[in-house]
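Following are the structures in question.
Across the two complexes that follow, subunit A remains constant while its partner is subunit B and subsequently subunit C.
The block that comes next holds the complex of A and B.
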């Protein structure tokens, strides 16, 4: 039976990695993800987990070590945060292109400058286009669950892709919450052992990552793109299995909170959804038909599910905890793809965005209420007067 | 704690003719005529045999070798970035260890060999190489040294000799000697600060039996080993492609290159010349030194004289080395 415990997001990730029986773990310290590795190091030292625990000399090395381990046939696990994520930038493409289904835990953090420990989604989002499966959890429980789901989806023979399992630094990584730690038998039922299709082998020699001619490039890229097209189906199957085995109720792509009859909606990913949900309840009490769509996977982006879930609302506030300087919407990242997802609808909601929570600041209920006020007016005007507003910089 | 990983051990090869017949580096590459690193690869692979995994960081031995669907490796091979040969190899080694412990793999422990160029070993790849040596993975890290970033068009690297012309160190009236700096000494970088390393060696393709036996000795160690391999490059150094072996010999005969083993703190030299030839004998046939004036060659000679003095000070009576193949 599952064991009910009180865990931080970091502890939840470590517990899930242990249950997944990760075989090669590569560490390097950077706050706030470090606690995941501290716990795994203890498990290896105590003999609770039979894994090679490699002290990488940096994040670039971490990703390189797990690449090699995955190529040789082991289930491999690493993680990072903030500038550690960007220091490893060279490796994201070779790992995805090599189809190594290893996992990277990210407890996100602002990028420098200035030095800041707080949560922000820009670090991981900076490699979202390199062919990884990527998504944010909004609770330690979901961190635990996504860790297992990540391996299952990524290692599916139809997929073979690495996964970035993200959680908001501090808000999730360091605040304990109730977590049902699954029974090993449940995990075994859900997650088969990893079997690399073409590992580095002495019996059947293989070459990984040779040079191609330009005319061989497009077919390989097309194959990877096709894999992403098939990915939603695999995610649906894995989520259904997960819900059945572990007794959960996840939607594969979007948490849809009070959206059915909503007239205005928040679009959000990660920890701040918890405050947002409460604000939706409060707004509902005062007669405002508000709802929330929380993104579970940013890659693959659930285009059609978003159109289906949000097409009927009048106005949407995209809550942006990342930066896209000079981007089309002058603010964050999510609104670009949100708007693109809605473009083909005959009747499109009005969509604007709010920069909030940058630098790891709390997004308060009043901030969400302010967003609701702005988009309620936009719904009336049937027009977004601005692409973006910066919370705390606006004059009321 | 004392799990038997089935590490391989190798007997020395007694004569060049007695070397293993199977080739593990086969046709299918497109290296230049007279390529030293390609000859070197063939000898290393032959000495290592079939239970081998090569890690190939970006460099000539990646770019000119690994064409999709016709790579020349008869054993498993994986590309690494030019930055991370040491780290990818660490992961491969760690994976085989844990898979052996868990019963997922029960064959002989592979020879994990990194075939890195001088840039991938001593410049951008230095951090990963050093970390591998420090952590003690059972990996042979090879620096095949052609003394430049050759596949990108001959740019200066940390092992490019003083006075050599490259496309980043052209001679001109302000900088008549082209490269002004003296090179890094890769084996000394390893020996100087990595307690897990017990065996380091240097080789030359002109002494193939010596080379293959050092490979086999390296692969018989339970921990990390490092080899610095002299691999002349006709295109980069500007000599006639039929002279590759000759350049290898001249490097040793002039003291520009020294063949040695370092084992547990002791140096053992092989093929030490009784009388060293002047460095100009080595430099004259090479276009990369053609612009140098007498004063520059004298500066090089002084640098090499110091190295020779160090060799003489640390050399014990040399045991008869196996004869070189002719």
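The block that comes next holds the complex of A and C.
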């Protein structure tokens, strides 16, 4: 039986990693993800978790340690936040290219300068194109669930890719909520042991990460890209299994909230979806047909699913919690790929974006109501007047 | 959805261009002749045969498989073309048979080569 507990996102991640029986953990402190490692360190010290707990001398070392551990055959786990994530930048591509299905927990933090502790998605999104499976949770429960799903999807022999399991710093990482901590037997049914293709062996020694020739680079890129073509099917299977075993109701790629008859919709990922959902309800009470699509995995990007879920609405507000300075829309990251996903539809929704929740600020219900007002007008005009609005920083 | 959207095409790597999964190769392998990677070495490990017990710790420790055991000669053999001078072998050697020596001290030191490897 699942154990109903009151946990923060950090505790939920640690509990899931424990149930996944991670074998090597590498830590280095940085707020707000640190609490995950504190929990795991206690578990190891108390004998509840049989894992090698390594203190890295920095995030670059952390990712290097888990790369080696995963290559040697261990289920490896690490994590970071903010500039810690970017300090390890060199390692992300080699980990994906070497096909090491380790997991990194990220509790978002704004990148410097000069050291804002608040949540913003720019840290993890900065390595989204390097071959990792990446997605955001919107509750401690989903952190727990995605941690297990991440290992299952990443370690699938058809996949063999690392996973970034992200949660908004503080909003999720530090606010407790009800979490059903799964029964170990359920976890065993869902998540088979990790079988490394080349476990450390004196009989069959192998060389990892060799120098390759330029003419070998393109085939390696192509093989990694081909894996992403098959990845959605693996995610669908794993989600279906997860829903069956744990009694959940996840859509593999998008949470579709009151979208069926929606005329306007929010497009969002992460913690602020909770406020957004409430605003949708409130708008519905006042007769506005609003809905919400929440992205569960940003890599692989669910292009067709987005077109299917949102193609019929008149206007979409992309709620950005990341920055893309100088990007096509001069705002955040999500709108670029959202617009690209809708481009080939005969009837396209009008799409604009709102910069909100940056630096760890709360996105208030009034902010979502304002966004709804703007896109309702755009729906009437059948045209976006601006690509982006920076909430709180517009000329009156 | 009624509309047909573009797909992603297919990706097939022909056999003659395929690379081992994750570029993991059996080891030890014959060295490839491109990309000698020792040209940034500033020190090299020098072995003292008297102290060396042939325990093979350097062979295991080297990230670039630059130590090999020559059975006929009963000697550890160092690969000058791929050793980057990281000194892991020196630190790992249990009998202190390996010591770091500056490349400048050698006639064939990489710093002295007109055309480094």
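To be clear about the criterion, the second predicted complex is superposed on the first by the 393 of 396 C-alpha atoms of A that agree within 3 Å, B and C clash if a C-alpha of one lies under 4 Å from a C-alpha of the other, contacts with A are read in each partner's own complex, and residues count from 1 in each chain.
FYI, a contact is a pair of C-beta atoms (placed from the backbone, for glycine too) under 8 Å apart; a residue touches a chain by one contact, two chains touch by 3 or more.
From a predicted model like this one, the values you see are computed outputs, not experimental measurements.
In the three-chain model built by superposing on subunit A, subunit B clashes with subunit C. Of the two partner chains placed by the overlay, neither subunit B nor subunit C lies in contact with A:79.
By the touch criterion defined above, A:99 lies against subunit C but remains apart from subunit B after alignment on the C-alpha atoms of chain A. In the superposition on chain A, A:216 makes contact with both subunit B and subunit C.
Residue contacts after overlaying the shared chain place A:308 against subunit C, while subunit B stays out of touching range.
Contact with both subunit B and subunit C is seen for A:207 once the two complexes are overlaid on the shared chain.
Contacts of A:23 after superposition: subunit B is touched, whereas subunit C is not reached. In the superposition on chain A, A:345 makes contact with subunit C only, while subunit B stays out of contact range. Once chain A of one complex is fitted onto chain A of the other, the partner contacts of A:90 are limited to subunit B, with no touch recorded for subunit C.
For subunit B, the stretch among 98-106, 134-142, 188-196 or 296-304 that collides with subunit C in the superposed model is 134-142.
Across the superposed pair, subunit B and subunit C both touch subunit A at residues 71, 205-213, 216.
Contacts from subunit C toward subunit A in the complex involve residues 1, 3, 5-6, 8, 10-13, 17-19, 21-29, 32, 34-35, 37, 65.
Those residues of subunit A that touch subunit B in the shared complex are 23-24, 26, 50-52, 54-58, 60-61, 64-74, 76, 90-91, 94, 200-203, 205-213, 216.
On subunit B, the positions that touch subunit A within their shared complex are 50-53, 55, 62-63, 66-69, 71, 73-81, 83-84, 86-99, 101-102, 104-105, 107-108, 110, 127-128, 130-131, 135. Of all the residues in subunit A, the ones that touch subunit C in their complex are 71, 97-100, 160, 197-198, 204-213, 215-216, 218-220, 222-223, 225-226, 229, 303-304, 307-308, 311, 344-346.
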